[in-house]
Amino acid sequence: MNIIIKRSKTMAKQIWPSVLAIFFALLLSGFLLFATGHNPLRAYARLFDGAFGNLNRFAETLVKTIPILIIALGTSVAFKCKLWNIGGNGQYTVGAIAAVAVAVYVPLPYFIRIPLSLVASIVAGMIIGGGVGLLRAKMNANEVITTLMFNYIIMYFLSWLVNGPMMDPEGFGFPQTQLIPDQMKLQSIIPGTRLHFGLFLALIIVVVAFIFWKTRTGFRISLVGESHEVAQASGVSVQKHIVLTMMISAALPAIAGWIDVFGIHGRLQENLPGELGTIAIVVALLGGLNPIGIVFASLFFSALVVGGSTMQRFEGVPYSLVGIIQGLVIVFVICRVVYEEFKEKRRVKQLVH
Amino acid sequence: MYLLWIELSRVGTMFNFMTEKAIKEAGKVIEKPLVQMIQIKKTFSGIPANDCVDFTLKEGSVHGLLGENGAGKTTLMNILFGLYEPDSGKVLIKGEPVKIHSPLDAMNLKIGMVHQHFMLVKTLTVTENIMLGIKSTRTPFLDTRMIRNRIIELSGKYGLDIDPDAKIWQLSVGQQQRVEILTAIFKGADILILDEPTAVLTPGESEDLFSILRELRNSGIGIILISHKLEEILAIADEVTILRNGVKTGETLVTPSTTKQELTRMMVGRDVLFNFTGKDVNIGKECLSLDHLCAIDDRGVQVLQDVSFSIKDGEILGLAGVDGNGQKELCQILTGLRKTTGGTIHLYDQDLLTMTPKQCIDNKIFHIPEDRQKSGLIMDWDVQKNLILKNYDSKSISGRFCLSEQRIGEQADTMIQEYNIKTPGREEVVKKLSGGNQQKIILAREMEGDPELLIASHPTRGLDIGAMEYVRQRILDQKANGAAILLVSADLEEIFQLSDRIAVIYNGRIMGIVSPDAGISKIGMLMAGIMETENVGVDA
Amino acid sequence: MSNNLYIDFMISLLAGTIRISIPILLPALGQIYTQRSGILNLGVEGIMIIGALSGFVGAFFTGSLWFGVFSAVVAGLLFSLIMGFLSITIKANQVIAGTALTILGTSLASFLYRVIFGIRKLPPIIDSFPSLNFLGLSKIPVIGPIFFNHNILVYLALFLVFFTWFVLEKTTFGLKVKAVGEFPRAADSKGIRVGLIRYICVAIGGMYAGLGGAFMSIGYMDTYMDHMIAGRGFIAVSVVIFSRWDPKRALFAALLFGGANVLQMRLQSIGVNIPNQFLLALPYVLTILVLVGVSKKVAFPSAFTIPYSRNSK
C-alpha cells in the first residue's frame, strides 16, 4: 500500500512541471490569440472539440497518437543515452518505404508477407540508426547533424522513388506508389472510424519500453548516458552501446512508419512524415523520457494537431498556432529549472536560519 | 623523521628571513595590513565551509593558510578573490572595507591568484593569455607587441624564463605555474594568493618556486600560501593561519622554534597516530607481473617506458610519484581501458593485455579510481544504483531479464551498514553525500567483489582524517584477505604506512623499487628523477 | 554556338553560386561567434525565418529596404536572446533549446504573416535590392556578370567575412570569445564575464541570421514564403563546423554548398537527365561527408555545448 502511495507521489511530482508548462503555454498563446482579435476560449474549446468531441474525432486523435507515441519512445531511448537523435522523420520514412516495398513487390502469401514487411521496416531503421551510431562512435561525428542531414537525404530519396522506380503505373502520373493489397491492411477496431489495430501494437511497445529500462541493457544504456568514463570503468563498451542505442532509437520510428502505411496511408507519397519527427522530440521531453509520461504527452500533442485543423477551419485561427504552443511548451518545460533552483535556494535559506 | 631533507633546507633559508624581518620591523611603526578578513561565513547547501573565520595578511610577508583538504582554505581565498560571495563577514584591503563581487573587482584591488588548476587557455599563447586579463591600451584592438615586450622584461627581472610566444599546452607544469605568477605580477598585484602550488611540482621545482616567492616578497608583495604540507609552511612562511572544518583554530608567527607537532595539533585537533593492524601478512604467489611495458598517451607521447614490476598475493606495492608521470595511464592499462605499445602483463597465468575491461572485472581486478566524482560515481544517481555498477549483471542482482529492485535494495542496505556509509537512505543522491562517504561507496563496491588485484589510486585524496584512517584500514584488510594491491599515491606518508615495497615512477619509468626502510630522502631523489650515480651510465 | 552557350551557362552558374551562398554564409558567420563561445544554436533556422518576415514587413510598410534590413537584424537579435536565456541563464540542453526556437520561429512567422497580410490570392510583393553596377564594371565580359552584378547585400556579406575574421583575431573581444569557449573558468578568473560574452555572441549570431533571413525575402525573392529558409539555417551550422570556425573557410564552404544547389538547378534547366532529387540531396550528403572528415581531427572548442556555472564546485 505504502509503496503505491509513494509511487504515485513521485509520479505526481514528475508530472506536475509538464502540466504547468502546458498551462503557461496555453495561457501565453491565449494572449497572442486575444491580441490578434480571436477569442482564445472559443478557439481552445473548438480545438478540444475537434480532438475529443465525438467518437470519430477521438478515434482520429488516437490514430495520430500512434506514430507520435512510437517515434517519441524511440527518441527517448537516445535521449536517455544523451544522444540527440533528431532524425525521427527520416527513420519513419525508411520504415514506410521498406513496408511498401515488401507489401507491393514480394509475391509471398500474406501471412508471410506481413511479418516480413515489419521485419524489413525494422531492419531499415536499424541500418540508418546503426550508421549514425557508428559515425558517432568511431568518427565522433555529431549525431545531431548527421540525423538532421539524413532527414533531408531520405526525404529526397522518397521523392525520387515515388516519382521514379516505385511510381504507380496506373496513377496518372501522381507522385505516389500503388496501394498495398487490401487484405494486408490493419483492420479497424471501431467500424466506421480509421482507428486500427496498430493501437495495440503501440501499447505493446509502451509495455516493452517500460520493461526495457529495468533490463541489463536498459541499465547499461542509461549508464553510458550518464558518464562514458564510469561506464567504461564498469566494463560497459561505450561505442557498442552508442551504436545499439541508435539502432533501437531508429527502429521504433521505422515501426511507426510501417504502422502508418498499413493502418492509414496504404501507399507512399512525398513528404510522408510531415512534422512528426519534430513533434516527437518535444513529446519525449514533455513526457520526461518516461514511457508512461510519453503516452500522455503524445495524446496531448496529437490532440493539438487534430484539433488545430478544426480550429483553423471554424475559427479562422492559423494552424501555426499549434506550433507556437508546442514551442512554448518546451520553453516552459526547460524553464522549470529556474523554479526548482528557486525552491532549492529557499530550502537552503531555511536551513541556515 | 623522513622529512628531514626538507627540514635541512629550511634551516638554511631561515637565517635570511630573520635578518630581513628585523630590518623591516625596525623601519616601520604601525602599518595597515594588506588584507583583513573578519568573521567570514560561507555555506554550501547547508554545510558551512567557512564559519566566522578571521584572516590577516601583512605587507611583504608570506602567510601560510594551513589545513586539511576540505578545511575551507580554498573557499576562504575564493571569497577574497571574488569567486564566491560570503554569506556574511567583512573584507578590508589596506584598511578600506571593500565588496569583492568578481575576480575583476579583486584584480582592481591588486589581488592576484594562482589556482591549483591553472587558469590558462591551453590553445592560446602566453602573451594572449596575459592579454586576456588586461585592459588593452588600444581597446578595442589588441596591443600584442607591447605586452610581449613587457613579458620579456618581467620574466627576466624575476628569473621566470618564459617564452611569450609559446602555446600553453607546449609548456611544462612548472612553466605554466610561472606564467600564472607572471600574469598576476603583470597587473601589478601586491597581494598574491597561491593555492597548493607545490602539489604538482617535483621537490626541485618546488625549491625554484620558493626562491621566486622570496624574490617577490622582498619586493614588497604579500603572499598567501594555501597548503596542507607542514614542511612547506615551515620552509617559507612568516606567519600561518590554521583552519579545521571551516573554523580557524590558530594563528602564529613561524619561528625556528615552531614545531610540526604544534601545527598538526591545530590542524587535526589531536596528534595523528595511525595505528594499523594487518600489516604482517604472509605474502603468497605472484599475482601480477609487468614486463617492459610501454605505452603512449592520447596525444601520442610516450608515457610509459619499460615498466617492470610484480605484486604477490597479500602484498601492497606502493607506486610513489608526482602526479602526471604515467600513473593514470598505468591504471588504465591494468583495468583494460588502454592499449599498450610493447611489453607484457600477466595476471597469474593469464595474459592481461587481451582482456576487455569487462573481462578484467570478471577476473576480479578492481579499481578505486583517482577522480572518484568523475570516473567512480554517477553523481546524479542514488546510493543503491552506484553500488551495483560492477555487479549489476550477476545473479545476486539481476534475474533472467530484469534487475531486481528488491535485491538492489537489500545489497545497498547491507553495504551501507557494513561500510558505515552515512546517508539518509539508499535512495539518496550521491552528490549530496560528503567526500568520505562517497569514497566509502566506491570501497564497498570494489571490495565486495573480493578482488584478486586491487588498484587504489590516491584512495585518501581530499578526505578528512577519520575517513582517511578508515580507508587505509580497509586496504590493509584486503591485504589480509590475500589480495595483491597496487597503491598509487603522491602522499608519501600513506605510501610509507601501507607499502611492503615502494616503486617510484618518474617520467614514465620505474626509477627503482625499494623497501620502506630506504628512507624518505632516497625516495625523494627518485621522485625527482635523480638516479644514483652508478646508474647514470645505464640510463638510456 | 555551343561554346557561347557553355560560357553563358558557366556565368549563370557562378553568379548564381555567389548569390545563393550568401544566405548560408551570413548565418554561418554569425554562428562562428556563437559556437566559438561554446554554444551550438540549432535555432538559426527559426531566427532566419523571423528575420525574413521582419525584413519583408519592414520594407513593405515603410517602402525602405534598409529599414527592412534594420528590422530583420533587430528581430534576429531579440529572438536569439531566447536562446541565450535558455542556454546561458537556465543552462538548458542546447539541442532542445534550439529545436524549441526553430519550432517557435517557424510557427510564429507563419502565424504573424497570416495575421498581418490575411489570406490573399497573390502574395504581397516588393522590389528587392537592385544589382549594383560599380561604374560599369559589370559590363566587363564574363568577370562582370559573375562578380559585379549583385545587390549590395552580397557585398556586405563578403565584407562581413573580413570583418568577422578581424574581430576574432585582432580585437580584445575576439580573444575573450575564444577563451570563453575553450576554458570558461579561466576566462572567469581573469575577470571576463562568461555569461555576458556568450550572450553577446548569441546575439551577434542572431543579428547575422536575421540579416541572412532578410536576404532571402528582400534581397533574393521579392516576397515572403513560409518555407523559404528551407534548411539553410541547419546548413549554416554544418558550414561552421566544416570551416573549423574560420570565417575565410566559411566563405569557401558556403560557396561549395551553394554551388551544388545551383548546379542541380542549372543542369535541370538545360535538361541534363539526372534525377533532380539526387542533386538536391547532394549538399546534405556532402555535409555528412565533410562532418565525418573533420570530426576526427577537429578539436571542438573544449567547452562546446557545456553550460558554465561559477558556483558548481
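Order of writing sets the chain letters: A, B and C. Residues in each chain are counted from 1.
By definition in this document, a residue touches a chain if its C-beta (ideal position, glycine included) is under 8 Å from a C-beta of that chain, and two chains touch if they have at least 3 such contacts.
Predicted model, so just to flag it, every value in this text is computed and none were measured.
Taken pairwise by the contact criterion, the protein chains are fully connected, each one touching every other.
Remark: among chain pairs A-C and A-B, A-C carries the greater number of C-beta contacts.
Computed centre separation for the pair chain A/chain B is 48 angstrom, with centres defined by C-alpha atoms. Work out the mean CA point of chain A and of chain C, and you get 29 Å between them.
Listed in rising order, the residues of chain A touching chain C in the complex are 32, 36, 84, 86, 135, 139-142, 144-146, 148-150, 152-153, 156-157, 159-160, 163-164, 278, 281-282, 285, 318, 320-324, 326-328, 330-331, 334-335, 337-338. Listed in rising order, the residues of chain B touching chain A in the complex are 43, 45-46, 87, 335, 337, 356-362, 367, 369, 374-378, 380-381, 389-390, 392-393, 398, 401-403, 405. Residues of chain C that touch chain A in their complex: 40, 42, 82, 86, 90-93, 95-97, 99-108, 110-111, 114-115, 231, 234, 237-238, 241, 275, 277-278, 280-281, 284-285, 287-288, 291-292, 295-296. Every residue of chain A that touches chain B in the complex is listed here, in rising order: 211, 214-216, 219, 223, 226-227, 229-230, 232-237, 348, 351-352. Across the complex, chain B is touched by residues 170-173, 175-176, 178-179, 182-183, 185-193, 299, 310-311, 313 of chain C.
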